[in-house]
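One chain, subunit A, links the two complexes that follow: it is found with subunit B in the first and with subunit C in the second.
Showing the complex of A and B:
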């Protein structure tokens, strides 16, 4: 059923879908004069890194980039560990209340966590009196909040990978004298590595993209801002520095894009597993 | 399957250990705050109360009564539902159509489409919002330039974010752009998983393409479509970043608000935390209703947790 028309339509669709991304990178590389021109061209003969320089030097974007990366790395590390432990317990152990926990996990994915900004704001404020590192304007609570909110889906997705490891393997390991602990970490953990990769990408994106909690919990500190908020600062109601905004957007998109391309295969199988339930 | 009682008990103890860290986080940062959200919604909780200058005043359901008689709330609720509906239908149609197209194209065009979709999928909401704003910028945007070049000279200097409907439309376009890839990838995998014998048998019986699509392929894909639909409903109902960024916090005079942004603005801009919490509770209840439907559908399609 292949036809030339389908090929052409496919390429046209690809171009249209890629156009915003192309425009973002192109505008980030255009010299200021071309950006300000009311006659935008889909190419540039004078690519320059001026916009990137402006972003990194003047606006302290580098610091925000590091903050975002730090939060994301901690969230990913925590999410790998916690979602693996939970997925093992939920798929390989038989105990009462397992089904209830699974349904609760599904419900947890639906909770509009955005509404929780209000109680969490006050909670973090009072925690800050006791433990300053986990108070307002600090990165600590941001790590915990993003970790907690990315867990339900991560556990849900990893469950499929853990369940796919045959039970015979556990029996064989037990016959060879391996304890359950040894089996879990020496056999199961490496075997579900593709699932852990997929899970960590989604947790990374969750934390990297988070704008609402970063804005609410880090409301006045400038040095502890993360990327999404830093971008918001560039956007002014009247005179837009589109070159800088596009350069900042490009810098923010690149890490995610790299992650996605590296793991796309695992991601698709992982999502398919999560959707099947 | 019967499991020895001893095994269940030993498993239970290990499970508690394994689940404890995740459970502590989820109870502490999701369940307990949800309870607090409900609690705050019952109080007169404004800036003086938040700073501790004045004592809390218990209102029972007065916040809800005020909310339900406020015409703005109903208008925001309606806008949220319609906006989510447009985004869901748009993502499903675009994603489904491109998945079908991808199965009919040769490998290289297909790979190009998947790469582009992957890029759109990976773009952070914040970056995506700005790129779309720039593309549709009044004076410097590509879209107005192209439209003017095509003869729509009236659109020169046209603002897409000023009018209520075109602002919602622009945000919806951005959301469909970054959420159709999920639908496309799952649908493509679903279509590919259909055994070719099934389609060939229908072809041998002389069925037309249209007939095969509606009579054979669609019924097989139905469970997948239902799940993708409900996932999209849940995502699009909770949109925050795109609306907040692209309409500048909810549009001129708040006419581009959706429930999430409305709750946020009431609480953090208007300093009416009790009212913001009440909106949050309404939202939670609505999403729980969708969840119940989701679980029903899952069970009907034979899902076993």
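Showing the complex of A and C:
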């Protein structure tokens, strides 16, 4: 009986969580007259794609979408590779300062990000003098910055996975004549794949939704903007275009959801790596 | 005493072996460390440096400032209120998120038809951008056309639409609710992954021993969730502490500082007052507070085994 009640409560909670999503999609589909009606209704009888059309008509929307996708893909790829290498080093090698390094990674995670935007701006500006592809208004630094900020937690998470692979396996592989390199890529890498999935989810969300760095580092270029910035046109101080904002948010959330659907099976076991400590 | 010669013998060898493994480990770690060093640690060092400089509104460095920026921070009239807000914000949002997530995770750990769909629905607030989620709530809370206001009046909880984002206190707590909303998915999934490490045998054994459901949960399941709860707490404390977009989107337009945390205050000092040096000092303080909070937490709760 008790568990019945808690089940009902949980279904209610799930519905509550789903409501804003429903409201977002619904508002994106409502015709102009209903969006700011004084009598808001939780349904519409005249769905229209007008709001979506306004979003897609934004100058360069396709380009911004591609920019966001490119940054996200590079960040995900980079974080999988680099966090895997680091996690292997931190679990398979016993060296001085290992614990200190782990603590430092956690500390790096705590740095207040918005305070770093100013030094980062100046840094990227001077880097741009030497390497134009990594200067201001370019996508290069955006990839590196998002990658660096998603690495500490990714490494922490993967560590548990690599540690869970028994050392015997490595010895057995060595007896069979496999080099360390072969063992790492042929045996270890596939074994920690679920952990890599969870890592990739986190870094994907991180870079796809990033607003702060994109706005700081790509401040004047129009062609290298990313999606969150593109949607800013609909925010006006006094009169916001709610329909377009909701349609834009819907369009932006869809790729992340697709990503989640693809990896959902591995997500829970993937996070377990972080939990095992 | 007879051991003495052998220890002398072993130590240098050990040290040499260690140095070798350090050298071996370096190429594996180097790319990540260089990146984190350049993009996180170096600017963070620069932030600390800036907090001791006298910098004009136009970015000119007028030299060493000693502790004057820190004094300026502690002389802010609204600082006590902002600190109090920060405490309420962090403790409240993290505690409520974790409590809700524990219940949700317990539910999602059971097998039932449609579990995949429900899990996916729970993920949505995590997938959506925080700026956008906050915007959706701004729209929903609008006194004239917001659905949340409409819902609350229809149910009879309030007699007429209320401007939740028009005053600091209501705005602050509305923003806290949104912060819980966006923290719950990740927290739930971390706890869910913790629940999956508990085998059915363990639970069966507890049942055979005659433990009730409540007893099983608090005496068997809960202790085994400790590492998961620790990860959830640490990551949430860091994220909630440093969270800017929710309060900025929802209460940023309210004049004064009654709805500010140290993070949003830092942002206001940068944006509105253009005092980069004072903002840096506040950021350093902010960082130290998080560091101490996490440090104390790790010491007291000891969530991770030393390996």
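Here is the rule we go by: the second predicted complex is superposed on the first by the 259 of 277 C-alpha atoms of A that agree within 3 Å, B and C clash if a C-alpha of one lies under 4 Å from a C-alpha of the other, contacts with A are read in each partner's own complex, and residues count from 1 in each chain.
In this section, contacts are C-beta pairs under 8 Å (C-beta built on N, C-alpha and C of every residue); 3 or more make two chains touch, one makes a residue touch a chain.
These figures come from a predicted structure and were not determined experimentally.
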| item | value |
| --- | --- |
| Clash-or-fit label for the pair subunit B, subunit C on subunit A | clash |
| First, second, both or neither for A:174, with subunit B first and subunit C second | neither |
| Touching partner for A:153 - first (subunit B), second (subunit C), both, neither | second |
| Partner chain(s) touched by A:216 [first = subunit B, second = subunit C, both, neither] | first |
| Common ground on subunit A, meaning residues reached by subunit C in one complex and by subunit B in the other | 2-3, 6-7, 9-10, 13-14, 17-18, 20-21, 23-24, 27, 35-40, 42, 82-83, 85-86, 88-90, 93-96, 101, 106-116, 118-120, 123, 144-145, 147-149, 151-152, 155, 205, 208-209, 211-212, 228, 231, 235, 242, 245-246, 248-249, 252-253, 256-257, 259-261, 264, 268, 271-272, 275, 277 |
| Of all residues in subunit A, those that touch subunit B in their complex | 1-3, 6-11, 13-15, 17-21, 23-24, 27, 35-40, 42, 81-83, 85-86, 88-90, 93-96, 98-99, 101-103, 106-123, 144-145, 147-149, 151-152, 155, 180, 205, 208-209, 211-212, 216, 227-228, 231-232, 235, 237, 240, 242, 245-246, 248-250, 252-253, 256-257, 259-261, 264, 268, 271-272, 275, 277 |
| Of all residues in subunit B, those that touch subunit A in their complex | 3, 7-8, 11-12, 14-15, 18-19, 21-22, 25-26, 28-30, 33-34, 36-37, 40, 50, 98, 101-102, 104-106, 109-110, 112-113, 115-128, 130-132, 134-135, 137, 139-142, 145, 177, 182, 185-186, 189, 209, 224, 227-228, 231, 234, 237-238, 240-241, 244-245, 248, 260, 263-264, 267-268, 273, 276-277, 279-281, 283-284, 287-288, 290-291, 294-295, 298, 303, 305 |
| Residues of subunit A touching subunit C in the complex | 2-3, 6-7, 9-10, 13-14, 17-18, 20-21, 23-24, 27, 35-40, 42, 82-83, 85-86, 88-90, 93-97, 101, 105-116, 118-120, 123, 144-145, 147-149, 151-153, 155, 163, 205, 208-209, 211-212, 228, 231, 235, 242, 245-246, 248-249, 252-253, 256-257, 259-261, 264, 267-272, 274-277 |
| Subunit A contact footprint on subunit C (complex, rising order) | 18-19, 21-22, 24-25, 28-29, 31-33, 35-36, 38-44, 46-47, 50, 100, 103-104, 106-108, 116, 118-133, 135-137, 139-140, 144-147, 150, 181, 184-185, 189-190, 192-194, 196-197, 213, 227-228, 230-231, 234-235, 238, 241-242, 244-245, 263, 266-267, 270, 276, 279-280, 283, 286-287, 290-291, 294, 303-305, 307 |
